[in-house]
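What follows is chain A paired twice: with chain B in the first complex and chain C in the second.
Moving on, here comes the complex of A and B:
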């Protein structure tokens, strides 16, 4: 076991860990927001919205994340420069980087899975509670905001924890679009130093620790909002 | 269960014996035209494969090709899954700490390609403030770190092919790689349209290496000597020049 490279590469590793956490945070937050819209569309009455949401979830859950990422980065990304003026605009420094496309792909993918789970959770909220809310004169919007969504989120909470962990483990593929995340850093170190196992061991420890923190956090959250059965 | 055990033992025996009767060449499974690539049926072709065939004919040995990814080549060699690395690996001091090399069999020239803008050259002056696409952990990456890290940004790719897509769409300004594959990329439709050869960089053998050789296990001197002899022989009898003509308009040695 040789870990003498850690100091030489510590900046790369720290920045990589930062990027991994950043991508996870962005995709989970924005993805969750999008998932709420997807779930509402699916349990709502509008048939077009339901169909659109259903198609979206089927598409993103039915194709490998790697293909989505590459379609977005190499497909969409290679058409962008042909838009007149874009290459000289203030957006270009962002659109030029893989990070933007990686965050986009991870967010869209996370939303699709999360949307389906949230839809199930919304259907699992007891009818009686919604009827009671209606009986006291709440508007549909208020029911959604105060009763339906909060209850659904609580029901789905144990599943969300697992989804966030899965999302963490999906992040290393962003290395394939030039984002030097933690895995990317480990890959580079492996290639530079010709060490096979040590860099992988180090990132394994990182991923396991982060997973532990995530599950602990969700456990705390679950305990904080007890469910009466 | 008993039969399965027996069958496994037989299979293991067959593998063990067949492994001794041939030389296993580890070749990257990522395309690296013109040196190693695959045809439509998945068969390995390219300049290095032709050289391998010539060498094996010279040695009268049975040779097989084992597909290995670039980062798995040295581990595969050390764990005896292959006997020789045959994949455009430059002979560098860093690698010599882990493996031995045969004599060089071709010289890799590091160069840059970029968008067609009439500005020719690959010097520090041209690169100032630019983004350069480089395949991760190549000799070019080490060269960049030593000479250009202060003035330009490096963007890492798993393969040269991927960085080429980004050059075409303007996400990197230059690609820094071995001249052979770069010129091959420029021959494609996309390459003709978007990009041009900018030039080679100043020599620095300490990082760019002293040519490309076959990698063998440390201490496997018998095989190394055999391959050295064969490389010399195919150079001398004209076979080397003959199949090189198919790929290059210069002598790659």
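Moving on, here comes the complex of A and C:
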């Protein structure tokens, strides 16, 4: 085992770790917001919205993330330059980067899985609580904001922790669209130094520690919200 | 963007079209997934029996296996096992005085994915075995059934309905994980689509076509697993 390359590649590794965390944060927060909309659409009354949300979840849960990523990066990416005015707009430096497409693909994918879980959690909220809320005269929007969603999120919390960990484990494939995340850094080190196992071992330790932190964090969060058993 | 007729031409089965390459890729994906699934199931069955055996060193080793495999990103596992597996095999062959071999990509893909599946299968099967009512096992024992007979006649039929939902999830995940094999260069559906797309520059068309093929596979598998579960739960009281 030879780890003498660590200091030489310190900056690359740190930046890679930063990108991995950034991708995880972006996709989990934005994906969660989208998941709320997807779940509401599926438990709501509008049949078109329900059908759209259902098809969205089926597509993103039924195809590999790698295909979605390539579809968005190569497919969507090849159409973007043809949109008039986009090239000269201030958004172009962001839209040109692999990072943007990687974040988009990870977000859309996370939202589909999370939306399905949230839908189940919303259906698991006891009917009596929603009826009580209606009985005290809350508007549907207020019921959603004050009762239905908070209760559903509490019910789904143990599953969310698992989803976030799965999302972390899904991030390394962004290296296939030129994003130098932590795995991308390890890949480059392997190419430069011809060491196969050491860089992989180092980044593995990082992923496993981050997994540990995420599960601990969610455990704290779960304990912080009191529940009656 | 191109006209609908030229898109159909590109997707046609016979060679200037790339449809045949995609279909072959889809079969490769199915073959790898199925092989890895079966291999994982065998590993998982031994793993689950080992974890329930009460033999501490074995339990400890299996815990290390399932924890590590489930904590490390699939891509890293696949890439490192792919290299470590080939490398290790060649070292063993060198020690035995034989020359190095080029490991068949298909075999390596099945072995690597199966090894990952095995860890998840272990947990699914362990849970399914633990969910069997103790009374049924005690009744079998009191009839004088030996462990082998007990496993075949009582444990196996009783664990299948418990394990089926987990099996269904794992089948979906092995199909999607098999796309990661593309990264180490074996041509299954994902890589076939990429090759076709980069040759024709029609990225949208070919990745959408590949996505559609994956969807067909997953949706049909879903139907199959629902039918299987209905069959294996026949005669059971419906829950709630």
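Here is the rule we use: the second predicted complex is superposed on the first by the 229 of 229 C-alpha atoms of A that agree within 3 Å, B and C clash if a C-alpha of one lies under 4 Å from a C-alpha of the other, contacts with A are read in each partner's own complex, and residues count from 1 in each chain.
Following the convention adopted for this analysis, contacts are C-beta pairs under 8 Å (C-beta built on N, C-alpha and C of every residue); 3 or more make two chains touch, one makes a residue touch a chain.
Bear in mind that the values here come from a model prediction, so they are computed numbers and not experimental data.
Q: Touch test for A:78: chain B only (first), chain C only (second), both, or neither?
A: both
Q: A:96 in the overlay: touching chain B, chain C, both, or neither? Say first, second, both or neither.
A: In the superposed model, A:96 contacts chain B only, not chain C.
Q: Identify the partner contact of A:196: answer first if only chain B is touched, second if only chain C is, both if each is, neither if none is.
A: After superposition on chain A, A:196 lies in contact with both partners, chain B and chain C.
Q: Touching A:178, do we find chain B (first), chain C (second), both, or neither?
A: first
Q: Does chain B (first) or chain C (second) touch A:188, or do both, or does neither?
A: After superposition on chain A, A:188 lies in contact with chain B alone.
Q: I want to verify the contact counts: of chain B and chain C, which reaches more residues of chain A?
A: Counting contacted residues of chain A, the larger count belongs to C.
Q: Looking at the overlay, what does A:67 touch: chain B (first), chain C (second), both, or neither?
A: Touch partner of A:67: chain C, not chain B.
Q: Would you please give the residues of chain A that touch chain B in one complex and also touch chain C in the other complex?
A: 74, 77-78, 176, 196
Q: Hey, which residues of chain A end up touching chain C in the complex?
A: 58-59, 61-68, 70-71, 74-79, 168-173, 176, 183, 196-197, 200, 203-204, 207-208, 211
Q: Which bits of chain B are touching chain A when the two form their complex?
A: Touching chain A from chain B are residues 71, 74-75, 94-95, 97-98, 131, 136-137, 155-158, 162, 165-166, 168-171.
Q: Spell out the part of chain C that touches chain A in their complex, as residue ranges.
A: 1, 71-76, 79-80, 83-84, 87, 172, 175-180, 182-183, 190, 193-194, 197, 201, 203-204, 207-208, 210-211, 214-215, 218-219
Q: Residues of chain A touching chain B in their complex?
A: 74, 77-78, 80-81, 87, 96-97, 175-176, 178, 180, 184, 187-188, 190-192, 194, 196
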